[in-house]
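Here the chain labels run A, B, C, D and E in written order, and each chain numbers its own residues starting at 1.
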Amino acid sequence: MARKVRRSPKMLTKPDNEDEFYHQPASIPGTIIIPTDASPPQMTLIDYNTRDVIRKQIKTPEECASYLDTASVSWVEVQGLGDEGILRRLGNVFDLHPLVLEDIVNLVERPKIEDYEDHLVIICRMVVPKEKKYGFYSEQVSLVLGKNYLLTVQEEPDHDCLEGVRARICNNKGIIRKRQADYLAYSLLDAIIDGYFPVLEDYGEQIEDLEEEVMLNPSRHTLQKIYQIRRELLQLRRYIWPQRDAINSLIRDGSELISEEVRIYLRDCYDHTVQVMDMLETYRELATGLMDVYLSAVSNKMNEVMKFLTVISSIFIPLTFLAGIYGMNFSTEKSPLNMPELNWYWGYPMCLAVMAVIAIVQVLFFWRRGWFKNFSKINPDAKI
Amino acid sequence: MARKVRRSPKMLTKPDNEDEFYHQPASIPGTIIIPTDASPPQMTLIDYNTRDVIRKQIKTPEECASYLDTASVSWVEVQGLGDEGILRRLGNVFDLHPLVLEDIVNLVERPKIEDYEDHLVIICRMVVPKEKKYGFYSEQVSLVLGKNYLLTVQEEPDHDCLEGVRARICNNKGIIRKRQADYLAYSLLDAIIDGYFPVLEDYGEQIEDLEEEVMLNPSRHTLQKIYQIRRELLQLRRYIWPQRDAINSLIRDGSELISEEVRIYLRDCYDHTVQVMDMLETYRELATGLMDVYLSAVSNKMNEVMKFLTVISSIFIPLTFLAGIYGMNFSTEKSPLNMPELNWYWGYPMCLAVMAVIAIVQVLFFWRRGWFKNFSKINPDAKI
Amino acid sequence: MARKVRRSPKMLTKPDNEDEFYHQPASIPGTIIIPTDASPPQMTLIDYNTRDVIRKQIKTPEECASYLDTASVSWVEVQGLGDEGILRRLGNVFDLHPLVLEDIVNLVERPKIEDYEDHLVIICRMVVPKEKKYGFYSEQVSLVLGKNYLLTVQEEPDHDCLEGVRARICNNKGIIRKRQADYLAYSLLDAIIDGYFPVLEDYGEQIEDLEEEVMLNPSRHTLQKIYQIRRELLQLRRYIWPQRDAINSLIRDGSELISEEVRIYLRDCYDHTVQVMDMLETYRELATGLMDVYLSAVSNKMNEVMKFLTVISSIFIPLTFLAGIYGMNFSTEKSPLNMPELNWYWGYPMCLAVMAVIAIVQVLFFWRRGWFKNFSKINPDAKI
Amino acid sequence: MARKVRRSPKMLTKPDNEDEFYHQPASIPGTIIIPTDASPPQMTLIDYNTRDVIRKQIKTPEECASYLDTASVSWVEVQGLGDEGILRRLGNVFDLHPLVLEDIVNLVERPKIEDYEDHLVIICRMVVPKEKKYGFYSEQVSLVLGKNYLLTVQEEPDHDCLEGVRARICNNKGIIRKRQADYLAYSLLDAIIDGYFPVLEDYGEQIEDLEEEVMLNPSRHTLQKIYQIRRELLQLRRYIWPQRDAINSLIRDGSELISEEVRIYLRDCYDHTVQVMDMLETYRELATGLMDVYLSAVSNKMNEVMKFLTVISSIFIPLTFLAGIYGMNFSTEKSPLNMPELNWYWGYPMCLAVMAVIAIVQVLFFWRRGWFKNFSKINPDAKI
Amino acid sequence: MARKVRRSPKMLTKPDNEDEFYHQPASIPGTIIIPTDASPPQMTLIDYNTRDVIRKQIKTPEECASYLDTASVSWVEVQGLGDEGILRRLGNVFDLHPLVLEDIVNLVERPKIEDYEDHLVIICRMVVPKEKKYGFYSEQVSLVLGKNYLLTVQEEPDHDCLEGVRARICNNKGIIRKRQADYLAYSLLDAIIDGYFPVLEDYGEQIEDLEEEVMLNPSRHTLQKIYQIRRELLQLRRYIWPQRDAINSLIRDGSELISEEVRIYLRDCYDHTVQVMDMLETYRELATGLMDVYLSAVSNKMNEVMKFLTVISSIFIPLTFLAGIYGMNFSTEKSPLNMPELNWYWGYPMCLAVMAVIAIVQVLFFWRRGWFKNFSKINPDAKI
């Protein structure tokens, strides 16, 4: 499906499953394209009410059909997209429009919300920080909210920030078991949004480290890291901006599937989204500012190098000229005017003295202009 | 018509048929100007309903007139604009306002939508990636949507991303044969919008390549390529922004020619347009960032060159001065103070030893400041 | 009236009659200030209906009064503002508010539209490209549209892009003679807007030329030209932005003086205005980008210069040091350790050989790092 | 009151009475803080109707109370804020809300308009160009418009652009004596807005001068002037933006104190404000562009300096090396291979010839690359 | 709770308690997380009416319950968040929604206003300038406004700008004792907003100092300070922007808890907020401009260094070459052509004379190009 074989390792790393599988021009609307390396779907059903909770793996989409119409809340989780047949059967069980099914499987869809009267489709993007190094995993999560059920579809079974919600249901923590499917949908959205904070915090720390690096010891590597951060923040921004619009329209548009009480909670969720965006924009501005600082810092360093060269050259070039003078072979015998100094008793010491005076005057001159001060100041830093 | 003979090959390549044939001031509204190198128009009629499909070349615009009023959907395709007479007769057959005809032929029109009660005029711009190299062909496509018919006018018969739609009609794939002309118009719009994705993906790859080039080995050629990308993205942006507005007004303005069902499909199409714009703006920001990186990388390289010069100069200039000292011709015979070293037994070895000490001290000094480290690090890259 | 004598020729040329004659603080509203070098007004009357057309020079504003109330369309053209008396009498004949008269004469008014019930006042700015060189003439045009008449006031009789409209009336081309004064006003507006295209095309070409110049051979002159273009595009932008608003409000505000049919034509005119703005913004972005490219290109060139200096210095400074060594006067007679090489049989050839080896090693070193490659590449360009 | 003693003369001059006397946190709302160096208030009453005009100095605020209720228009001018008692009594006479009084005295208030049913409070900022040099005086002007009266409060008695309005009243010029207090308020606002034009014109001229300076002879002083202009334009912008909003709300909000006729005049005044903002933004863009040009021009100059150094070094360093070779002391007696050239008959002339050839080849090389051309071109400019 | 141990002292100082304790993904909504180093809460009750005032420390939240329903205004101040139990009991006493309690304790909440019918929750951020050095303390303040009471919760007991309000209540200054709880809330908001002015004034002064430093003596330290200011202004902006929205919605949304009179005062408060934002944006633009100036100033300095090097090198390199010539050992005995100058009577003086001429010509050349002028001009500054 991919138009070109991607040439292998790049200098700048990228979050996984990015920019592949765009719509092919003139394909039939509703076409489902399964990425070749997609994991096979794992389906879990969590059915709960105030008293009871059932959690079980299910094999076929049809298994969960009987749970959907009961008064208890049914949460059907699908993780992995590697089987077109199962996905199509899911679409039948939940009565999804072909375009919705396409959106769920299409992995680069923009976060959005679509209202289909008897169910709401919410598409959003979850980020999970990598454990050992900077960066994040990113994954599309689609929520289909019906009267008594919630269907969630994730790309991958790994790297998930929803475990806390599952635990709260199973252990009956908080009020989640007393509420309906809309509260469950809110809880998941809240967990997804809150998942951006640790990722952003990582960037905050990275930027702080780079601030020092860029001012003390700017190298090509620093430049690369700044650019990498700008690139990744740009990507996060593409995720979070439409998410805000989606949540906002969820609050405003008054679907009957969302109760008034949950709307209050969604307002809180909306506030967090705005907060994520605030942090993101702040970090983006800081990263842009760092690029300016980098350029200035490199100029600064070049200035220091130039000063060093100038000091060394300015001191020794005139002295070398003087030595060159007395290296000339004018014949002292042919004329008393020809370099009589060479035959003076104090000739050589005087010559050395003159040289010393020239050097000292220059050193003083540079000293007073503060060239050495700046220079020595930079020294201890450079070693760090 | 062109005001000036365009001077021939430019360093920066441009998509074809760009920025020519603007409106001449004070020309009569509705004037049609045929570019001198325009291909002669090829007309095709595809007439279909659920059961049957007819596809045939037609010679005169009037041939298709009889098909327009039938219940079956008639798609009249015109490719090429090289004949004013035929275009005017087309205008008569389809009952087009003179300004519409001007818009269709005028090749640099902004994408837009005009509602003329019994027909809708949609003007948009199609891009097709070049096969062998980066860049794209760009072509204006005008759609005139009537009750049972669709007229499409393209600049050129080549480079077309609509073939898939024609195949779906002829082979009866998907639901297109079961729907009306509005669904056909949607299918074409969708194919045109989706045609932007492979073009943008190309730029994504180009930017990735440039990221490496700019950091490892920035040359004048890199600069040229970055500027070229910025220029072409700017052009794509001029195409896609008004396209979004046009599709949006198609959804909102509620023309009777668009059914409720197709409006849902158009919403999907609108989402894709926004996604194209998101990608475009991201790439534009990356390309702008690359320019900053380029400047920093060039400064970096200059810094390395300066360091090299400074190291070489700083080590050898003092040594040369020392050699100059002992090249002076002060007479050792006239005074015991005049350069007695010249006559010492260990004079020359001592002199060499002093020189070696000076050189080693300086090398150590530079080593500790990390000048060599940076320098050697850059070496292997530069060879790549 | 001008507060300061303007110091004479500037490096950057400016369009004529710019930034003079601003409002004097606390002057009486409606004050008319005639520029001292204004041409005397030339008045022409074109009165036409479907069958007949009269075109004649008129001497006094009152002459045209009798034509204004007839059913035929009367177009009164005034070119030149050099006579306050005539302008005031014009104001009486056409019953203009004192502030309108002030706006017409005040040459730096923003384009705008004012609705005075029985007449509309449209103030806009016409640009005409200079014939022989880049740049443009700019002139304010005021239109007063009444029921059966149109009054136009221009600053100057020269440089006009309305001749086509006059010809269409006199030669009865197109539909202009069959329409009312509102269609005439539209035709003039259309001609004025379309007059921006050739001016912008010039800038497009200039920018293309500069793109090559800036990358191959950036000089101070290039910098000056880029800045000049940015400055002039900024000026054009100040003209065209309010023009768009004016035309838009003409379409929307529903004055009775504009018929429904002409409104359709005005929509086309509005589209052209937006297209002008699109081009303008694109050129502005390109020009801004060129400034960045310029800075990078200058840095690039400096890099090449530095490399040249470094290569020459690095090769010859160590060799000179070596020559300096053997120019020292240590007495070979006083000690066998004192420069015995000087007395070797192969001394001099060996010394030369060592020098050659040092030079060759360095040349190879620079060669492998690609310094010569870049350098020689730039050479042929610089000659162009 | 000021939190810190301001350290004395700054490099960048600032308009007077700026950024002092901000609100102290947690002070009582309505607190009046009189700057210590404020001039004592001078009060003038101008009371006029169509036939008569009275102009007189008044000592106490209460003196004017009797005039306020008469049918004639009463303009009470207060210049100087140095007496809290008088200001409080003024507040009583005109029945002002404590917050209004605070706003009038607080010298860094944002321009705004407040509608208190029986009177309107308009706060705006007047600028007056300095006579002898660039820059401007800036002063807050507060207008309180009642049914038959207008109270104006200025910071200082000097530097005023309202004299023209006073003259028009006293000499009965224009229609001002025939209109009410709202027309007077308009006239003052108009004079204040028009007062921005000469100030901006000054900046236009300064920018033009800097354009030449920055391209021909950029010095640190140029940089300082560009920054100073940017800073002052930023300040002007802070004054004019809210002024526009204030005038706009004056036109729209429909207070009964403003007659329909004056609203038309205010529209004109609004247009001028927008024009001021257009000019301001244009100058700001030019000034920002100048900063880029400056950086490029400095790089350009450095390039020239580098070329000069490179030319001199490249020519003489190899020659010096050659001279060094023949300064070596290899013994020609010990070996015929040791520098036999030294004993040749044509040795010295040949050596000189070789040197000349090397120098000429290099000069030609640099000549063909155009280094001298650029260099000599800059020479005459630098002298200017 | 914190995900990583924060590495200790950073180069750039930060306001305290920043960017810690974000929401943990998937935590239960309404979870309260107490920072480990939070101060224990100190609770104060101020209960007042026109005649009486009570101020006392309270130990338990329940103590104040009896005061809340009385007609007198009860201000309950809580300073410090170190006890979850007390906070929960507070929530019960004041009947707060769990999400409100979470917002109050969560220290990085965005300023906002929430209307819960019987009480309003206002969350804002207070800044207090540091006494001895630049920078500020920042602290979240939450206000819960009920009918007769106001609850305020602060992070810390120290660094507070509300003391003035407490004093006005206790000493019965101004009208505060005569008004209700809404006036008290306004007074606190006003004090908080006005607290931004001294902080911003500090930045104004810092920027002025940096303006001089950057133009006269730009060092790495300057760069660091500019970046630090940009960073802190960015942070202030994150505080003040949402605050404006909150106050605006307080004025507009018409809660019954805010009387009409207080709304007028809030309008004043809103004006101050806009003024803070104006100042902030101005300072941000100045700081951004300073970065450009810095880069230009560093380039300028490098230019001066380069000129110095070039002058020294250009003068002495040719002279050294000349000295090298006459240091060659061509045998004057073997040929009369070999360096006969060496044996001339005036040889040495002539040689010196030629050298002097070359040096003088060069000095004059540099002098006329103004290199020395620029250079000496910079000298006195550098010493400052």
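Structural remarks
Assume a contact is a pair of C-beta atoms (placed from the backbone, for glycine too) under 8 Å apart; a residue touches a chain by one contact, two chains touch by 3 or more.
Treat the numbers as computed from the prediction; the structure is a model and nothing was measured.
The minimum number of touch steps linking chain A to chain E comes to 1.
Superposition of chain C on chain D using C-alpha atoms only gives a rotation of 70 degrees, nearest 5. For the touching copies chain D and chain E, the fraction of interface residue numbers used by both falls below half; the interface is of the different-residue type.
For the pair chain A and chain C, the distance between C-alpha centroids works out to 41 Å. As a whole-number value, the distance joining the C-alpha centres of chain A and chain B reads 25 Å. Counting partners per residue, chain E has 295, 299, 302, 306, 309, 313, 317, 320, 324, 327-329, 339 as the residues that reach two or more other chains.
For chain D in complex with chain E, the residues that touch the partner chain are 3-4, 6, 10-12, 19, 22-30, 97, 99, 103, 108-110, 112, 114, 217, 219-220, 223-224, 227, 230-231, 234-235, 238, 291, 294-295, 298-299, 301-302, 305-306, 308-309, 312-313, 316-317, 319-320, 323-324, 326-329, 332, 339, 341-349, 351, 379, 382-383. Of all residues in chain C, those touching chain B in their complex are 161-165, 168, 173-174, 187, 190-192, 194-195, 197-198, 201, 204-205, 208, 211-212, 215-216, 264-265, 267-268, 271-272, 274-275, 278, 282, 285-286, 289, 292-293, 295-297, 299-300, 302-303, 306-307, 309-310, 313-314, 317-318, 320-321, 324-325, 327-331, 334-335, 337-339, 368-370, 374, 377-378.
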